[in-house]
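The structure's right below; bear with me while I get my questions together.
The letters A, B and C name the chains in turn, as written, and every chain counts its residues from 1.
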Amino acid sequence: MHDLGGVSKFMCVAVDTEPHALTGFDKEVDAIRQILGAKQVMSVDELRRAIEAIPEADYHRLSYYQRWLRAITDTLLRKGVLTEAELRVALPADAP
Amino acid sequence: MSLAPGTKVRVKDDWPEIRGPCHIRTPHYVRGECGTLVRHLGDFANPEDLAFARPAPLRPLYHVRFDQPGIWGEGAAGDALLVEVFGHWLEVVTP
Amino acid sequence: MSVLAADSVNLLAALRAVLAAKGIAGPEEIAGQIRSTDEASPAQGARMVAKAWTDPAFRALMLEDGTRAAESLGIPMRGLPPLGVLEDRPEAHHLVVCTLCSCYPRAVLGYPPFWYKSASYRARAVRDPRGLLLEWGTVLPAGVKLTVVDSTADYRWMVLPLRPAATAGWSEAKLAAIVREGDMIGVTIPLAS
């Protein structure tokens, strides 16, 4: 799914060449990834592996940095750097 | 020891993703294909291990040139693909 | 339901709170990382290209070792992947893609643009590169061979494009101003305007 070279279903899809400014959300996720890499909490290869593990339906529904956020969180949970319970407690109050 | 520029190589026709969880930096479209080694780019920790936070031995990384229309059966004669491939994915083609 | 299914904005807020509480990454550190990341932009790569067009010794260094060439202009490269430079020639054009994810020479070009990360760019670049170039209106002159560089592993690649013919006598700064992001990935060709 991530190994996209020459994949037929995209061969007739136009490329959106317009600039898209990154949002604050995008830049924060990007910065967190860099910090976790520099501190050797998780490597870029672990990020890629976790992105590749996102189910296809979710993969195409999520934006680029939404995928990163999900992959970072998934990796940190799997490695025991943080726990699901810690994240739930920290979710903003209005979250379902 | 690293492979010399000009060496004819074949990328292994291997599909570890069928066997279980893995992370591979060898694109599907070059697997099983023959190319020409251009340059040894250096030795890098094996991403297949790094992805699982395992100890990752250094592996030689090469730039390998492939005939672009030869791979896809379409395209312009003389166009090429240049791909980074780790040594453990390459077999020397004996003439 | 897994916490991973939470709304992304809420999940990010939760992740930030937990990382801060554990002393892994605090808000100031994240803000600082964003600031330093924002400093990298195509202007850095354009400076390198313009210098290579006017200074043969720098050009040789850049083709030999892109990382050292960038560092010699004060561009921070420490801890980043090695930078390789692909030299366009009158008969040879290069196009960079990462079909596996979105590897991009961020140190010298900044964040990858939206199109570079798109599925259609990644799929088409290796199989129908000349059709892909038409999306930018780029048509290679007759006789020019195209090499598509799939940035799959540990290097990051930028293109050193051809200097436009009508720029004789231009200063380095004036040359740098015409070099665009796409020129250094190979989807476009620098224009003397």
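Annotations
Everything that follows uses one rule, which is that contacts are C-beta pairs under 8 Å (C-beta built on N, C-alpha and C of every residue); 3 or more make two chains touch, one makes a residue touch a chain.
Note that this is a predicted model, so its numbers are computed, not measured.
Seen from the C-alpha centroid of subunit A, the farthest chain centroid is that of B.
The chain pair with the larger count of C-beta pairs in contact, out of B-C and A-B, is B-C. Separating the centre of subunit A from that of subunit C, both taken as means of CA atoms, is a distance of 21 Å. Distance between subunit B and subunit C, defined via averaged C-alpha coordinates, is recorded as 23 Å.
Mean C-alpha position of subunit A lies 26 Å from that of subunit B. Residues of subunit C in contact with at least two other chains: 99-100, 126-128, 150. Along subunit B, residues 27, 29, 47, 72 each make contact with two or more other chains. Multi-chain contact residues of subunit A (touching two or more other chains): 3, 5-6, 48. Within the complex formed with subunit B, the subunit A residues making contact are 3, 5-6, 42-43, 45-46, 48-49, 52-53, 79. On the side of subunit A, the complex with subunit C involves touching residues 2-7, 9-11, 13-20, 22, 25, 27-32, 34-36, 38-39, 41, 48, 51, 62-64, 66, 69-70, 72-74, 76-77, 81-82, 84, 86-88, 90-92, 94-96.
Those residues of subunit C whose C-beta lies close enough to touch subunit A in the complex are 2-4, 6-19, 21-22, 24-25, 29-31, 33-34, 37-38, 79, 97, 99-102, 111, 113-115, 117-128, 132, 135-136, 150. The touching residues of subunit C, counted against subunit B in their complex, run 82, 84, 99-100, 126-130, 145-155. Only residues 25-27, 29, 41-42, 44, 47, 61, 65, 68, 72, 74-76, 78-86 of subunit B touch subunit C when the two sit together in their complex.
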